[in-house]
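Please read the structure below before turning to the comments.
Letters are used for the chains, namely A, B, C and D, taken in the order the chains are written, and counting of residues starts over at 1 for each.
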Amino acid sequence: MIARLGRGVPEPAAVGLAALVAMAVCAAAIGENPLGLLRALVLGALGDTEGLAFTLYYATDFIFAGLAVAVAYRAGLFNIGVEGQSLVAGVGLALAALASGGAPSWLAILVASLAAMVFGAAWALVPGWLLARRGGHVVITTIMFNFIASALLSWLLVDPMRAQGSMQPETRPFPPGASLLRLDDALVVLGLSPTGSPLNASLALALAAMVAAHVFLFRSRLGFETRVFGASPTAAHYAGVASTRVILIAMGLSGALASGVAINELLGAQNRLILDFSGGAGFVGIAVALLAGNRPLAIAPAALLFGFLYQGGAALGLDYPRVSPQIVTAAQGVMVLLIGGLLGRRR
Amino acid sequence: MAMENILSFLGAALRLSTPLIYACLAGLWSERAGVIDVGLEGKMLAGAFAGAAVAALTGDVGIGLAAAVAASMTLAAAQGFVEVERGGDQIVCGMAVNMIGAGVTAFVGAALFAEGGRTPALPREARVLPFVWGQDALTLGAFGVAAITAFILYRTRFGLRLRAAGENPRALDAAGGSVRATRHAAVAVCGLLCGLSGADLSLAQAAGFLPAMTAGKGFIALAALVFAKWRPGAALATCLLFGGLDAAAIRMEGAPLPFLGVIPTQAFQALPYLMTVVLLAGFVGGARPPAAAGQPYRRE
Amino acid sequence: MPALGAPPALRVFGVTKRFGAVVANKDISLDVARGEIHAIVGENGAGKSTLMSILMGMVTPDAGEIFVDGVRARIRSPRDAAALGLGMVHQHFMLVDTLDVLDNVMLGAEGGALLAAGRKRARARLADLSRAHGLSVDPDAIVGDLPVGLRQRVEILKALARDARIIILDEPTAALTPDEANDLGLLMRWLAADGASILFITHKLNEALAVADRISVLRAGAVVATHAAAATDARELARAMVGRDVDNALSRGDGPPGRTLLEARDLTARGADGRARLSGVSLSLRAGEIVGVAGVAGHGQSELIEVLAAMRRMESGALALDGEPVDAAVYDPARARALGVAHVPEDRSRHGIVGEFPAAGNAILGRHRDRALGRRLLDPGAIRARCADLMERWDVRPRAPDTPVGRFSGGNQQKLVFAREIEAGPAILLVGQPTRGVDIGAIEAIHRRLLALRDAGKAILLVSVELDEIFALSDRILVMHEGRIVGERATASTDRREIGLLMAGVVERAA
Amino acid sequence: EIKPAIVYDLGGKFDKSFNEGAFRGGERFTAETGVALRDFEIQNDAQREQALRRFARDGASPVIAVGFSHAAALDKVARDFPQTPFAIVDMVVDRPNVKSIVFREHEGSYLVGLLAAMASKSGKIGFVGGMDIPLIRKFACGYRQGARRANPGVEIFENMTGVTGAAWADPVKGGELARAQIDRGADVIYQAAGGTGIGVLRAAADAGKLGVGTDANQNGLFPGHVLTSMLKRVDNAVIRAFSTARAGTWTSGVESLGLREEGVGWALDDNNRGLVTPAMKDAADRAVDAIVSGDIVVHDYMADSRCPP
């Protein structure tokens, strides 16, 4: 796996190390013991089952988001709108889940997940369509669509979808059937002690999506056409690849993959629709995809690295109240800048 | 609307436009030179934080402003190094700058002031105060900067080279101009203006720094830039329009409009983004970015 | 002619430049006297452009020295070059399309921090130059709106406006009509008479012989000969270029052509810029013949081949393949392939290959729908095997299916494209500029294969700007001018002069 | 010895609002008793449960969750740790081991409304809320009732900053809303908007008008320009919770804190003494007595989602 990441792409380990060094320097700058801080970070993320489970829970989001970015990137489309796509996917998921009362659990989950994918894909298809038909630059339109999605979600939760009498802009809880199997529930049934994390079956879904994305890109004819189009739209035209079709399929798939974030967060953890539930996973996905060189199978380790940083950073807060968990965001920024600088432009 | 209401609305529109104008012109400098910048937000945050933090520590608004500009330009220099020297992907670098800006300001702020990343509220002498029609020097300065930008862009040697660097850097290189120097200078000016934009938020408008206080203004500025088709005069006008929308939203919140009823605030918030998408999709006449924007330049 | 005693205007001494393993310039030494036109000829990749880039400070040589007017010059950037009086007209124009002519001329030599004064001076200078050399261009026109010929004029004006005394022109005639090329030759003479020194790169030996005082031949990075133009001829130059006598003798079968495989009626189409490029083109193509399409670049040949290959939509007209009418609405490149039309595109790197893909991926480009490559999913093994087989049959080197095709030489890339298109067994082959950017060995191989295909009963349409190639391969020649077919001749009953006149739009005089 | 812990809401412990109140209370408790306190600022919704569970498992006791948003998470964790005493501020969670601490903010708001209307020269006063939620409407409703009592003809402008969590941290918008109200004639403006409120108070001060602070005593932020502050003594509630736990007298169930319990009130100190006339102070004191004695019942918006005009 590591070997496949080669070709000038820095390995997650190396970049992760750079991020840790950056954090240690920051910590030292404010007079904290950098080694102690790193220790707390590592132990917090990997030291016990709870930390590990949270790391995997965050990584689940990042796998989905990373795949969403990577699939679009392979078609030459820089989809910065994964965040917005996952938010809108959440709306679809919530509508279906809330309506699923009385349905058997498997059906509720299936319908809610499909609704999420359809909504996520649809939200991604609009910029795709604007590009294919009207030449609207996809980077800018997807950025704009993030904000529009966020405003839309906020309006929905403040007004039509808000739970009666709730203080919060959120829907009422989903019916009990509309929730994914949690690791903790399984552990309890087995008589083991729970981890206290919302880690759930979406991780398996994420890994399956990863393999599916790999097969799609590297084994299917459509995936071949997608990659040809991404590498050279002119050659794709020559090869009889219909650009509109490829753009729409790639953006649709990207949006559908983005909906995985909604599935993990809403069906797996929150069991209701809340504001900004994706918590920036869509943006982390860009870094994950880049770090993985847009190779689907390399996305899991990259996502794991970011999950580790997230959970470790959160755990820091317990032992180092002076150290803002935002230090992790800063370290990620340094990492991404390094990746950007080392990678150069690939197209 | 009564006369004083109109004046007060215009005053609010001017104030709310100011950070957008600086940020939008910052993006204009960078992108006209061929360097796409989605990292305006991060540099604004850096400027806002450094300005407020230093003003709080020294009690001097002048030093605060200088610090805002210095912090933002430092970030811009790092970004410029990766983008211009290493040929790094400009969109990736911009995203990275946003992360660094958001993370470092919150982190350093928390460590310095132990107020969860906020700076203490600034006393009057550490703030940029209004002095005429409820407006302050930064707001007036924004108009000056727009004029200067237009002048430099269209009337000076540097401006000509900057436009060439954004349209066809090879031509500039072959003609004996330095693409590197031009782009570095443009990115530096971009940093300077982002610093002023951030300073306006924390020193003039809010009297202190709050984590993530830019709240997407860097991206609104980007939207305005597209809307203005990368021209300084139009950028000024678009930012005033967006600021006016914001002021209108504040004033109309919850108040029913004739025929339309109560418009959700979110609709106002989304409007600039929607307008940009519509424009970009060529429904209102296309917006063509500088031809070489986004492309690192390397000599063959 | 070099004046005795005076140092040459430009002296290149011992210049060497390597790109990795490639020695692009090998110990090159060369003089250009004041007032001399010095042509440089050589095969693709011989190192001509590299030498010019070194002179202009765009490329740093590994070794060697350059003297201007006898003084050693250090040229580290185009700015240094301009200061020494060197100016270059680049083959791919170095113009900013969105700026007006004046700004383009001024760029890099603005004459002060503010533009106003410089613009005034530049305007006056352009007026002078226009009067002196008849080089008139509207100084306020936006360069992107100008036709190719005028753009090149702007490039020349750029050099002249900054008083270049040594002017380098890299393949300036490639995009020009013969008339325009003629005018350019006159201008060069004018400038030389005025005391300028001119370095002139061309692939057209006759042009070099007509315009230059002396001609240097580059081969594999080294200067292999320098002749006075008056004392040499095309044959000698060609031999120097290639290193042996060029043998154009190709054998072809003499069976009569078979049935009509492709029939086009009244095709019209527009270019990417929206201008009409094909106006009422009709032609037919029969089994067992090669039809050559001659014409000055930009007169619709590219659009013709693209329309036939379904890469460009026809606006009106009718097309029939093997007697069956084709529905224009659903005719796309994939369908064309399915109907037995193969296409070797003229712009290989843009259309024919994906440089960053491995050779194996390129070997199935456009042929990836073939079920033999895997029923539901593509089988990587089958793809590599297909590629290896093509490489074997067409002697593509290296035999490395996993190597990104961008690392192959142009000739080998082209062979891979030919292999892919021909081994798919099409009835009709559309070929654009088959030997552009291809070395002499590959050219011979490709020519032989094309003739063999013809003999095997395929119908081949050959578009080339190289008249030699057209004459060597075609059974019939169509000549295009301004989007129309202005003449059709059997190769045996015409000559280059007649075709050249047709190409220039002189229609009936030749008839 | 007890091992107290606090989990703050997303605003963080320096939100100039109820989180900060809880933090200050904890600080004082530690200073007075020497008992170490652990606390945690969550960064996202997933961490609510994580933090509560983590503290409970580490044996912390009692664990206070600050903010109504913790309700769902606390409900689960309290079920899983039935032996651990929990408390939640601003919300009722019905579990045997949970103490629900709610405040009768409408009573305190009534007092500052009364004072605002008396201090106003123009007969126009304003209210700027943070996020538009029932809790903040409760503030506005109490304010309105107090103001009407002092001056039935008073004109009241009400604005909410927004509808999402961002509305708590947008001082620029808060300032603009205040300015707009001032332009319409308001000369006293009450803020219940967390960090946004600082912008409200500053705009009022800059315009030479009066602001009214919330939660903590904000009179000193712009001395001479803050009429008073509606005190919401989360700090006292936290100290009391910890102290009862320490003394072994901890009780679960709903604890409603109003004027009578000194859970809410109004601030009078050196910073605003010059602004509050004896008549105003007198009126406020009488209103306190009347509310405590039950002679005045301030309507609670959250009781029926309605506010008397």
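In the analysis below, a residue touches a chain if its C-beta (ideal position, glycine included) is under 8 Å from a C-beta of that chain, and two chains touch if they have at least 3 such contacts.
Computed from a predicted model, the values in this text were never measured in an experiment.
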### Task
Touching both chain A and chain B: give me those chains, sorted by label.
C, D
### Task
Give the chain pair that accounts for the most C-beta pairs in contact.
A-B
### chain A and chain D: spacing of chain centres that average the CA atoms, whole Å
37
### Task
Give, as an integer number of Å, the spacing between the C-alpha centres of chain C and chain B.
46
### Message
Rounded to a whole Å, what is the gap between the Cα centroids of chain A and chain C?
### Response
48
### Centre-of-Cα separation between chain D and chain C, whole angstrom
78
### Query
In chain D, what residues contact two or more other chains?
41, 163
### Task
Would you mind listing the residues of chain A that make contact with two or more other chains?
154-155, 158
### Message
Among all residues of chain C, which ones touch two or more of the remaining chains?
### Response
none
### Query
Considering every pair of chains, which are in touch?
A-B, A-C, A-D, B-C, B-D
#### Entry: chain D residues touching chain A - in the complex, by the definition given at the top
38-41, 43-47, 49-50, 53-54, 57, 68-69, 72, 91, 132-135, 163-165, 305
### Task
Using the touch rule from the top, collect the residues of chain A that touch chain D in their complex.
50, 54, 57, 154-155, 158, 165, 167-169, 173, 196-198, 265, 269-270, 274-277, 279, 314, 317-318, 321, 325
### Query
In their shared complex, at which residues does chain A touch chain C?
215, 218-221, 224-225, 227-228, 231-232, 234-235, 237-240, 242
### Query
Can you name the residues of chain B that touch chain A in the complex?
36, 38, 42, 78-79, 81-82, 86-89, 91-93, 95-104, 106-112, 114, 116-117, 211, 216, 219, 222-223, 226, 264, 266-267, 269-270, 273-274, 276-277, 280-283, 286, 289, 295-296
### Task
Sort out for me which residues of chain D touch chain B in the complex.
12-15, 41, 159-160, 162-163, 166, 169-173, 175-177, 179-180, 183-184, 195, 198-199, 202, 206, 221
